[in-house]
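Same chain, two partners: subunit A is paired with subunit B first, then with subunit C.
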Partner chain A sequence: MKKITPAPVAQKDIEKEESMILQKKMIGDHFKRLCTAKEAGKKVVYTFVPGNINELIWALDMLPVHPEINALQSAMRKKSGDYVMEAEKHGHSEDVCTYVKCDIGMLKKGNIGPTGEKLPEPDLLLLSYTGCFTFMKWFELLKQEYKCPVVMLQVPYQANGKIEPKMTDYVVRQLKEKVIPALEQVAGKKLDMNRLSALLESSARAEEDLVAVWDSAKNRPSPIDAYFGGVYYVGPIFSAFRGLPECEEYYKLLRAEVEYRVRHKLGPVTPEGVMKEEKYRIVVEGPPNWTSFREFWKMFYDEGAVVVGASYTKVGGYYDRGFRHDPEKPLESLANYCLGCYTNHNLSSRIDILEKHIKDYDADGFVINSIKSCNSFSAGQLMMMRELEERTGKPGGFIESDLVDPRYFSAANIKNRLESYFQMIEAKRQAAA
Partner chain B sequence: MTAKKIIEDCEDLYNDLDFTSVKTWKEKTGGKAIGYLPVYVPREIIHAAGMLPVGIMGGGPNLEIIKGDAYFQSYICHIPRSTIELGLLNKLDCMEGFLFPAICDVIRNLSGMWQILFPEKYVRYLDLPQNFDKEIGGEFYRHEMEQLLHDLEELSGNKVTPEKLNRSIGLYNKNRQVIDKLYAMRVAQPHLVLTSDLYLLLRAGNVMDVEDHTRLLEGYMAEVVKEDRKKFDNIRVIVSGAFCEQPPLALIKGLEASGCYIVEDDWVLGARFLQKDVPITADPLEALSDAYLNDSVSTSSKYEDEKEKGKYLVDQVKMLNAGGVIFCAPSFCDPALLERPMLTAALEREKIPHTSFKYAENTGQFSMFREQTGTFADSIKLWGEA
Partner chain C sequence: MEEDLLAWLLVNYKLAQHRVQLEALKEGCFKDPAVTEATKEALEKIFAELFKEAETMFQPNVKSRSDFFRDIASSGFMTSAEKLAKNDSVLFDRLISIFDRTILRVESKSYATMFETYMTFACEQTVKHPAFSAFGDRIRKAIAYAVSVEFQPINTIGTGYGRARLPFPKNQIRSEILCHGLGAHYMFPGTRTVLDIGGQDTKAIQIDENGIVTNFQMNDRCAAGCGRYLGYIADEMNMGVHELGPIAMKSRKQVRINSTCTVFAGAELRERLSLGEKREDILAGLHRAMILRAMSLLARSGGIDDEFTFTGGVAKNGAATGALRTLVEENYGKKTINISADSIYTGALGAALFAKRDQLGETVNVDLKKLKKQKAAIAA
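Right after this comes the complex of A and B.
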């Protein structure tokens, strides 16, 4: 792997950090591979971000597609509103997950992916049923459209706040007896366990660097925004690339850039440049809104608020407490990775995680972005807020939006609430002083 | 006792949010009670531990929600907020434990809220398998049931032997057989076995000992045939989507009044979840597991891999000579509403009429539902399709 030396980041060209350019290229290359997959004889596996087992897919030389990523990319390109309404025209309720409806709408309108090219149809739907009931229905729906095989990987819920051996056994058994045979059948080859282990070894190295990036938010000023910037940082590892050399390269580069910013006491990079003053350090629970992502972010950085910890960036893998993929125990570690994803934790554990974030990152408070169409995250968040306020003594803010349905992003309401929330922190500070 | 009186008693139980019958049972037996949320839990295990399984189906139309709304956003279904309300009003204090089966993210997260809000209670999330291989999903489910059995033994102080569990299995088999007979009776004579009667009878089973409930059902069936009930020119329909949060009783009555004979439904589905008798064997947990894997109903909280989506509904329509399907689902119910497009597609392939609406358990206005289903019924009568 080539040696990476981060270039000093000048104020004027901060939007062009090397890691961002690299990620953009990785994503672009992946979509190109997907668009030519059929001609190249490559098999395509659709699967979900939480509990994804990309290493297995790559070990069998197949290409992963993550429908949530397509949906959020569509939202950022302002296309999701039409897709959601298209799905509703086909009988989907206005009440349900907009990721699903965006995906179904995109499919009904020709399955044109974020890069403007048609996405290949799946050869297999790998249903990693981790932390979200809707995933199950989503692929049942896609099965009606594609008529390709589906293989289910059920990941038990951590209802008692821990991974019990029977849970790991259940997942491993499904991997061995259901998932791997299904993948092998589609791939037309047997799984090489040595190759899988090598991919997992690479995953672990990338995970190590990612955790160092999260840890950097303990600095003042924080060199990263762990939510708005964080969703970019998790891009490669949550989507198609975990286990690949370019993923490792990305995280080495990102870590180096972040360490550079720490040394130079630089704040996070926002779309409008390096944040100059860190006035509020905030922890955020819940996914972001994607349709007005920049506008949403601006509401924070305009107020000098930086997000130092976030739960959403743990949804596709929770590495903060030391879990790493283990090449020595490939299937067990894949199982425990799936079991450990954020929304697979019970409410108490989620509160623990957020409390630890607030303390570790010395946050002034926390904001919950409650997503209308995501019950997995949202059900229980009002109670989580009360518990967190009690435990930490820090103020909580509560806002509501949606993932990819632009009808549910009310900018004025959210801005008002956030401004009031930041004023409350300010008032508390002054009272304490 | 007349059929009318039996139903009046059942309606009293339905309206009793203080769970008086549970308290009476406890006083009489000295046993403990375990509440469970929809859809299905293996009640046989609770019963075998000498405890009373109590079906909790929210607060229904008669509970004013004050505290519960502070726990849930407006876009989350109603049943968790009314269940929390009941808990915070101490209405559920008569139950020592609570089971939350894996049916959706809301009920799942409610289990975590319960752990925090009621730490003195036994709380268990029952993770049901979505893999239906005996050696994989079956083994996982067996572990789940073994843990449940162990916990309930500790909580009750009663050892659950295979003999005791088999006895309970036998009692629940009998109960399901009688419920099946009641459903068959309604299919044959829907003017006689009113759906509102049937519904209240099933709801009574949530808060009664299983043997008493079986006797109650048998008593009703023996008495209702003596009634002289007028036969209307109604359309036979199937109602689908109401397996968790329940429609208000007035809505069910309104559907019937709008010109529909309901010949199949999925409310209080847990009582009919297993479709065959669970065999009495030396390994009753295995028998319960096999029954879940192989002989349980098709419903949207279960993953369906091999089965053709919606086939069960099409088969029901044909077998029961129904004229159409009414999708009647709670607002914001992910399982029901995500399933609906697949079911409607299956019906449309067979040119089976359908209509759909959403409700909440405390919906108070019924005229629009009556108009919709009345029009649906009329259109089938007139043209054979909606």
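Right after this comes the complex of A and C.
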């Protein structure tokens, strides 16, 4: 009998959805825009992701730069290790937030951004303070380096777990009296409130679509990974693009893709391929490790673990409970946006948020990735774990890594802990059955 | 009489294992490229001593110095080499480096197929004993039968850090955390908290009434205060790791050692020695420092619940268990602390129980009841 040899199967590249391709283009375009900012006569404002008030910057025709985004992008492109060490050479200790060190190191090495293009120097540092003390120190350092002005927006901490009217008023007053005048001075023009409202209207539409994407994780199987995939999904809205038409377009496209996946009962797209079996549904607290991001994701993928809810994807805006930017009340909504960022929540609110995630998304458990060099995130996480276990009866797993310092990712140790954690859930299931 | 026979068979079995590894060590040492006429002569003397020592080392009711060949061999080798090369540091260094190179090969060699050889040796040794010589043939026959019984594995489970390299499907792999939990539960069914201090990591584990892990904490990328810490200290002090505990237990004074970093602890050790502190007091301080680090992990995992079981190799070290008992009581009050003489097998036992459970669908608890019934029937 004649032997039939099957045709060779072409090696498939990493599956990429259209929204991913669009996002990549958006990021590329923005870095190009930044690289030519000075020649184009554009002013540049550096600001942080949590509490970023992009719409104000865009309304005044300036360009935003987010240092944490540069740091994490550098880490994913395997450049952060050198930058961190460069910063250490300049006297920044081992314990300092590695986002800061990566940024300082990048600056010291010529300020070449993650895409290989030079980043423009800031004309203004807009310090929107939303719960992370390091942000103040970070811009203090950048102020010395760039000799440029800083304007600070002090956002009161949600110590009682809620936004009180006087807190909103306080932020609005600062916006009116300090922040907008400072921005106008650098921009050399007056703020057009109609323009701002139009941007905010667009933001709200993108936010609506993003929330629909988060909600999709309630399906079984979940069509998204709300952590590893989620950090891509928040890319445009957390960085330079909130308020812009391309941002709206991105979220419309993403939502349509996700809805398609729901209809066809497809699992999330991962770098290893589409997730075939959803064995564990997990909620994750804390930022991911960026230097070994893919390896880290694969550890979940290999176990059949899908992240259905995450707190980290709420640091640059928390929209789950209904907050949307409001064109009718532009400054109030910018204030409430800043007040509502995840970093500005106290420990008990964070527990509430995670508890709600675990219940809403019907999770099997939760994992905390405790970040070595981020005290504002990590302090209290063990207490949170205990409380969450008690409230939900779901097991918590605890792993430790770092943001962008490759020396702090111990793959064997993390893998061991994760495997043990998932096996623990499995053993509990078997015992219950 | 039955008990005595088994005890003798066991120690002679251990002697057989020891001798085979000693032979391999001797052969390996002589083949080492660094061997010269002078070292050859010294090695002959050292091994003659080691073989002689082995003859009396394994006796019923005598606590074994260590479960590991490396520990026993290295301290014996070191003592003899020190004696022989008293005034010749070059010779001493050469002998030690030959040993270090060879022991690695001896340790990594598999002796898994040697059961019959060991058993036959143990049998012949045992029947020489006056108490058993009259029953020689009966004993030989029984042993021959026992050896001929073939094991029929119904399932296999792999565990430990090396599990990634096992050619097993994923469902036949269990992390050592789960295995230690289940193993500890089997040994002491009342266990709720388990501490395992291993070579490169320390694990604090909470388990439920079925031996299933409910929470755990382990050290992160730094292995400070783990088993290797003691290994390093033993190397620093030119002794076997099994000798540390007994020396530390002689301590009458608390010397505070701050560092659990393996490297810094070595520096602290030298500093304390130079300040005139006694070896046993420093060693007791080092053991305490190690346990203090474990206490922190235990606290992070949810504290210590009654009963508390200490597993792994370090559980065989009296100074470590002493420090643990003190610190547990200071921090959590009186608790039942379980330490099995077979603590080093806890993880393997847990893995075997998982293998059995996966295949037969039995939980450990059901098994325990059955076991009790069987025992009662035998007693009746």
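In the analysis below, the second predicted complex is superposed on the first by the 419 of 433 C-alpha atoms of A that agree within 3 Å, B and C clash if a C-alpha of one lies under 4 Å from a C-alpha of the other, contacts with A are read in each partner's own complex, and residues count from 1 in each chain.
As a working rule, a residue touches a chain if its C-beta (ideal position, glycine included) is under 8 Å from a C-beta of that chain, and two chains touch if they have at least 3 such contacts.
Since this is a predicted model, take the numbers as computed values, not measurements.
In the superposition on chain A, contact of A:416 is made with subunit C only, not with subunit B. Judged by the touch definition given at the top, the superposed model places A:242 against neither subunit B nor subunit C. In the superposed model, B is the one of subunit B and subunit C that contacts more residues of subunit A. By the touch criterion stated above, A:428 is placed in contact with subunit C alone, subunit B being left untouched. By the touch criterion defined above, A:357 lies against neither subunit B nor subunit C after alignment on the C-alpha atoms of chain A. Contacts of A:382 after superposition on the shared chain: both subunit B and subunit C are touched. In the overlay built on the shared chain, the residue A:400 is in contact with subunit B and with subunit C.
In the superposition on chain A, contact is made by A:133 with subunit B only, not with subunit C. Residues 382, 400 of subunit A lie in contact with subunit B in one complex and with subunit C in the other. Against subunit B, the residues of subunit A that register as touching in their complex are 90-93, 95-97, 100, 127, 129, 132-134, 136-138, 140-141, 143-144, 150, 152, 154, 156-157, 159, 166, 170, 173-174, 177-178, 346-348, 350-351, 370, 372-373, 375-376, 378-383, 387, 400.
Residues 161, 173-175, 177-178, 201, 208, 210, 212-221, 300, 302, 363 of subunit C are the ones that touch subunit A when the two sit in their complex. Subunit A meets subunit C in the complex at residues 382, 386, 389, 395-396, 398, 400, 408-410, 412-413, 416-417, 419-420, 423-424, 427-428, 431. By the touch criterion stated above, subunit B contacts subunit A in their complex at residues 70-73, 75-76, 80, 102-106, 108-113, 115-117, 124-125, 127, 129-131, 133, 135-137, 139-140, 143, 300, 303-305, 309, 331-335, 337-342, 344-345, 358.
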